[in-house]
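You will see chain A twice below: alongside chain B first, and alongside chain C after that.
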Partner chain A sequence: MEKQRPFMKALKCRECGHEYPLEATHVCEFDFGPLEVVYDYDRIHGRLTRDLIESRPRTMWRYRELLPIAGEPTVGAQVGYTPLVRADRLARRLGVRELWIKNDAVNYPTLSFKDRVVSVALSRARELGFKTVACASTGNLANSVAANAAAAGLDSYVFIPHDLEQGKVLNSLIYGARVIGIRGHYDEVNRLCAEIAGKYGWAFVNVNMRPYYAEGSKSMGFEIQEQLGWKIPAHTVVCMASGSLLTKIHKSYQEFSKLGLVASTPWKIHGAQATGCSPITTAQKAGLDFFKPVKPDTIAKSLAIGTPADGFYALKVMKETGGSGEDVTDDEIREGIRMLAECEGIFAETAGGVTVGVARKLIASGKIPADESVVLCITGNGLKTLDAVAGHAGETREIRPSLREFEGVMANDQPDLVNS
Partner chain B sequence: MAKSKTKSAKKSKAAAPRMEKQKRRFWLTYPPKLITRPIIWEMSQRYGIVFNVRQASVTEDIGILCLELEGTSPDLRAAITWLEKQGVKVEPVEINVIES
Partner chain C sequence: MPVQVRIPTPLRKLTNNEELVQVEAATVGAAITALQARYPGIRERLLDDQGAVRRFVNVYVNEEDIRFLQNQQTPLKEGDEISIIPAIAGG
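This part shows the complex of A and B:
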């Protein structure tokens, strides 16, 4: 990209509107409200066209004027532009006319949507001169920071609860990240991580780099609109942990609409949570604009945040767009994973089961009308949460090396085929 | 009272290096049963913590406060532990630093 002024203008408090320079900072000094990147839309309007976007490589950076970096992306240049799959078989199963799967289960390089946010955060961190990056995570974020930092030659620190499953730890250790397990209950670990982030001069991706980091999620929404043929879907179902992804999908629709890249047709954004950790959907169903913290107890570990940082804003988006919130039990999550796998050949992690299960409920209740189109955002790969479905995906049937035994099994499955 | 405090402060200064005060920022969430109790004032009195309210929303269902607390590290830690024992949820201003 040619050298020019960046299209981002400032960081702005989402509460009071106070503006700050584009540095590594994340809360307003006055009311401690979260900061968000604002852009010079007038300049972008004159430059960013469908033709320009389509002429660029198929990665999330084809929308770079709307992503918060000043120059070329230096981390995660290959991330994004994951498939948007027309899911007719699943649509028939769920009882809706038109269904699409935005499949970030195959996002590069660590198979989750976190590669989008991390590549933005680390590219920006480099621009700001950081040499060390860090995060506090129980899974996908840690893997993504470790992998992307390794590829970019940055040092990385990953903070995790000490009792995290070994498989998840290995997925970060293998990239050479310095992994620190912290003993203590969740709130203590959470507070310590915030203290460490404040004390050391690192780029902590989801703390001092958070305004940049969160913007990376918009690329999922940009891609959905382009891949649908430059249209905003009538319904989008998004799973919620902190609630940030849902708010950024909404922002991506607003931005493309404002820039005239898509027609400004109405859209509804629906939020999905696991019943065992549903502070946002519980508040939405009760008509509240605040949520009450909960203690998570669900197999959907990647959504298990009892006090979601963007919960308030996610509630606001659902309200503004006329979307709904719904939640599903652990059994319904497994059923959702199976339906997606059996109908579309896509194996999603538990969060994907939440999205499918919630879509099923919203369609059944008429909140998503059967004759409208829906996009389901799948955020991570099923290979990451094998434990959650182990013992629930059917069983192998063993036979001796004998045709007779095989046909004995077949007689149960497909008697016509065996007898013919 | 003020005089004796100064004296003891001087004594402790001689015995050990004076703890530096620090500022930290938290969201506090507390349930309905604690809403009528001046819990922040109690914390301040017990642990000598200076507090500055930046945002607040208190209804009959829930109390949510955004505070800057100033004190020594051990006092801050003790104050937070005490608040949690009373049933208050204490989170950093970033809320869920640990993500999935």
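This part shows the complex of A and C:
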């Protein structure tokens, strides 16, 4: 692609509007408000067309004008464009007509939506001259930073709560990342990282690179719209940890509407949390604008953030779009994982169980009407959270390699077949 | 009583780049008042017009969020450490 002026213009405080240069900085000096990337929409409008997007490779970078890097992506060029699956069997189970699964459980290369944010953050980190990248993570972000940094030849430090699922820990170590386990929950990991971030001159993807990082999530929403045939779904259910993904899916719908790439039909964004860590949905149900922090206790460890940085904005998006917040217990999470697996052959991690469980509740209560289109955002892969479902997914029946023993099994399962 | 306050990067312009500042205060609220006396302008960065801690500012006493303690009324004892930290995303 031709070399040209970037389409991003500045960083801007979401609270007071103060502007900052496009550097590795994330907080407004005046009110601590988060900084967000501002784009030159006038230039993007008319340039970014459906035809142009469709002519490009099937990766998240086909929407590159709306992603905050200056040149070509140098990290994660193959990320994204995961399947949007029409889920008729699950739809029948949940009692809704048109249901779709946006399946980031098979995102490249580390099987979660985090590859989207990391490819943006690391590409931008390289543009800004960083050699070492780092993150605070509940697991998936750590995996993605570790893998993408390795492929890009960058050093990486990842900070995680010490008691994460084994699968997620190994999935960071294997790439040669330096993994630091913190004896505390994610909010404590984050606090430590905020204190470390400025000190060593690293690109901390979710701290000083946050304005760029967060924008990567929009690509999940861009893909949903394109894959639906350039349409906005009436309902989107998104799981929430910090709440960032939910706000960025909303922003993706706003941007495509504004650019005329889709018709601006009404949409509702619904937020999903685990009951054991539900500061945002609790506030939403109580009609509050701001959440009360909690100490997390849930099997959905990837969502276990008790002080969600974007909770305020997630609440605002749900309110403005008429969406709802709902939460589910650990048992309901496991049931959600099984339903998705049994109906659609998709094995999601615990966060996916949260999304499915919440969708089920919202459909049952009529908050999602049976005759409107629904997209569930599945953000991570079940193979990474095997601990959570071990002992809850049925059992292997062991037999000797003997026909008689197998017929014993069949006599139990399907007596009609055995006797015929 | 003397307590330590860790100053986050976005506020160090106000503290002549000091990272760690000692103030005399019996509560978190009093510590913020003491900081303001020494570094004028710091209070309005931390508190909103109603005097509440701004929504994107997290304040900790010895690693515990003051919202789990008594907010600005949280008592301090000698040697306590206050951290002021912007909210950060992630997952």
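Keep in mind that, in the parts below, the second predicted complex is superposed on the first by the 402 of 420 C-alpha atoms of A that agree within 3 Å, B and C clash if a C-alpha of one lies under 4 Å from a C-alpha of the other, contacts with A are read in each partner's own complex, and residues count from 1 in each chain.
Everything that follows uses one rule, which is that contacts are C-beta pairs under 8 Å (C-beta built on N, C-alpha and C of every residue); 3 or more make two chains touch, one makes a residue touch a chain.
Every value quoted in this text rests on a predicted model; they were computed, and no experiment measured them.
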item: First (chain B), second (chain C), both or neither touched by A:161; value: first
item: Partner chain(s) touched by A:12 [first = chain B, second = chain C, both, neither]; value: neither
item: Which of chain B and chain C A:251 touches, first, second, both or neither; value: neither
item: Which of chain B and chain C A:301 touches, first, second, both or neither; value: first
item: First (chain B), second (chain C), both or neither touched by A:214; value: second
item: Where chain A meets both chain C and chain B, residue numbers; value: 15, 26-27, 30-33, 135-138, 140-141, 186-187, 190-191, 193-195, 197, 206-207, 210, 241-242, 290, 292-293, 302-303, 305, 307, 309
item: Interface residues, chain B side, partner chain A - complex; value: 24-25, 29, 54-55, 57, 61-62, 64, 66, 68, 80, 84, 89-100
item: Of chain A, residues touching chain B in the complex; value: 15, 26-27, 30-33, 135-141, 159, 161, 186-187, 189-191, 193-195, 197, 206-207, 210, 241-242, 288, 290, 292-293, 301-305, 307-309
item: Residues on chain A engaged by chain C in the complex (per definition of touch); value: 15, 26-34, 114, 135-138, 140-141, 186-188, 190-191, 193-195, 197-198, 206-207, 210, 213-214, 241-242, 244, 290, 292-293, 295, 302-303, 305, 307, 309-310, 312
item: Of chain C, residues touching chain A in the complex; value: 6, 8-11, 13, 45, 54-58, 60, 63, 65, 67-68, 83, 85-91
